[in-house]
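Below is one structure, written out as structure tokens; comments come after it.
Should a chain be cited, it is by its letter among A, B and C, assigned in written order, with residues numbered from 1 in that chain.
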Amino acid sequence: MTPPLFHLAGIRFGYDPSHPVLRGAEFSLAPGERVALTGRNGCGKTTLLHLMLGLLRPQAGSVEAFGAPRRTEAAFRAVRARAGLLFQDSDDQLFCPTVAEDVAFGPLNLGKSRSEAADIVTDTLTMLGLAGFERRITYQLSGGEKRLVALATVLAMAPEALLLDEPCNGLDAGTEDRLITILAGLPQAMVLISHDAAFLDRLAHRRVELRDGRLI
Amino acid sequence: MHIVDGVLSAPVLAGGTVLAVAGIARGLKTLEPDHLPRVAVLSSAFFVASLVHVPVGPTSTHMLLSGLVGLALGWAAFPAIAVALFLQAMVFGFGGLTALGVNIVNMAAPAVLVHYLCRPGLCRAEPAALFGWGLAAGTLAIALSVLMVGLALAASGRAFIPAAELIFVTHLPVMAIEGLLVGAAVVLARQVKPGLFDFTPVAPAWVEAGDD
Amino acid sequence: MIGASVPADSLLDVLDARLRLLAALSFALVVVSSRGFLAPALANAAALVLVVVARLPLDRTLHRLLHVDGFILLALATLPFSTPGDIAFSLGPLAASRQGLAQAGLIALQANAAILALFALVASLETVSLGRALAGLQVSPKLVQLLLMTVRYISVIEREYRSLRLAMKARAFRARSDRHTWRSFGYLFGMLLVRSFDRAERILIAMKCRGFDGRFPVAEHARFNRRDLWCGLGWLAVLGLLIGIDRI
């Protein structure tokens, strides 16, 4: 059996100690697998993804990623280079003037040169059917276009795992269909947060539900 | 660059306070009520910038953004910066009440000057030159502020002169970095929202800008 | 106020906010004009009492005092070496004078006392009471309105800043000393401004929908009562005492 990409054990976390969000959550993500993560609003799904990348630190429990335990900021930095997070709100993710600059931001952080980054931008946008969007102003795109550009910024880093936080939130049926087709064609392991049964039916291999701070 | 209470001499404090009051009055006189929310946005951005640490070699500096505030606001930079500095004193203990006037003048006067020196060029600039104007505005605003801090110190006592010189030298990298930041911010603003710097305290340009 | 937790009900809350503002200002003026060490030292003790009475968390309040700008430390550190006088000690070719050391110590004491009193008397006010007090002291209503709006936007901008910064971190961004970093910070702030301006415009439209016509009603404030009068007189006595101690 191949080792899991992520393994979280006994995770406890609360933004404020008197209101724990996660109380002993266990979660594993195997290579190539697409897992649906469901649960009521505010049950802690986004929190779990942020814990996986070390954007938040658990108060108890362990995070193992890509075959090593991760505790320190330095250790998680390596995780963030290998697992991409699509934020629930694309406006939280996009901050550069043009699409090209935003997509190039991740590769530049990974140490790519400007010209390498430019090639990655073209390839990624083409793959997502966004060819010709390079010089468009991100801020002025529609909600659906912003979501696809945000996905491009993540894919440009060639991650081994994708953590997608409500990717089809607010998309129309046509754009959602396009997103499903794109995601179904990607080889990466994925965690999919969604409230959309049809979306999960078409993509997910298995489902876990977050309830009362545990995954079931 | 907040001078604390107890450093400056009485004449410097009094002079700073008078100038600050005059500058704020001038800024408020031409400030349309419709512009208040935008001025408040810049004032809060100025406040928040002080929480942002940007690495400079082995140390770090926090951002000031006075050049950006000046470019956008002109004379209204006085009330905007005054409010932000007052809040910074209360929340973080930066500066103090007696030195508030001097601190306002040190930050706001260069911002206003930058508005008149750099904004005309900025508004006319080709995209390639835009960054340069932003860089000039950001750098100049900090350079002048540091100079004025030094003058305020030197005027309060000859013993402060070596400190004033040291402060200027140690702030050279800060000036350059602030320039780069303001340059990038201006480039973004022009591309994303071309009307951003077109409003002046006198003419409510944004009302028309909303139609196109 | 922003960032600071609103303290529990304190004895100071019964006082007129205008009185608290004036008290902080007069205290700072008296403290910075003192010449000897005794008055500023006693002023620090008085300010600490105020901090306790205002029920500010002592540890966090004292912690905030440590956030002094580097350049102020530079100014204080050079003072002993640039002030002529009797040599206290020397570092290589540099000689520190007793007078310069005393001057630097005095400034530190004065700045400390003034800021502690500001924390206790003014920073512990609710924002709205502070605005009302400023208006009551004849500060321009436009400026007061600007202050209130700024306080409101600070939390919005700070929250947006934090979420964008988190998303940058998720994309393996690390603040370094290079142009990529500085450009990214510039974009980050430019984007914050653009978004906040748009939000400000929406807020203005909403205000207009609720009948805003460009004028701000001047808020009325509580009358200055007998208790305020006695406390004010007591404060003047404290200030008089500090001045007297400094003179002798």
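In this text, a contact is a pair of C-beta atoms (placed from the backbone, for glycine too) under 8 Å apart; a residue touches a chain by one contact, two chains touch by 3 or more.
Because the structure is a prediction, the values reported are computed rather than measured.
Q: Could you classify the connectivity of these chains, where an edge means two chains touch, as line, ring, star, complete or other?
A: complete
Q: Of all the other chains, whose mean CA position lies farthest from chain C?
A: Farthest by centroid: A.
Q: Which pairing of chains accounts for the highest number of C-beta contacts?
A: B-C
Q: Centre to centre, by mean C-alpha position, how many angstrom separate chain A and chain C?
A: 41
Q: Between chain B and chain C, what distance separates the C-alpha centroids? Give it in angstrom.
A: 18
Q: If you look at chain C, which of its residues touch at least two other chains?
A: 184, 187, 190-191, 194
Q: Which chain B residues reach two or more other chains?
A: 187-188, 192-193
Q: Would you please write down the residue numbers of chain A that are in contact with two or more other chains?
A: 96-97, 139
Q: Give every residue of chain B touching chain A within the complex, in rising order.
A: That would be residues 187-188, 191-193 of chain B.
Q: Provide the residue numbers of chain C that touch chain A in the complex, in ascending order.
A: 163-164, 166-174, 180, 184, 187-188, 190-191, 194-195
Q: Which stretch or stretches of chain A touch chain B in the complex?
A: 96-98, 137-140
Q: Considering only the defined contacts, which chain B positions touch chain C in the complex?
A: Contact set of chain B toward chain C: 1-7, 10, 13, 24-25, 28, 31-34, 36-45, 47-49, 51-57, 63, 65, 68, 79-80, 82-84, 86-87, 89-94, 96-98, 149, 153, 158-163, 166-167, 170-171, 177, 180-189, 192-193, 196, 206, 210.
Q: So in the complex, the part of chain A that touches chain C is made up of which residues?
A: Answer in residue numbers: 50, 53, 55, 77, 80-81, 84-85, 87, 89, 91-93, 95-97, 101, 105-106, 108-110, 139, 153-154, 157.
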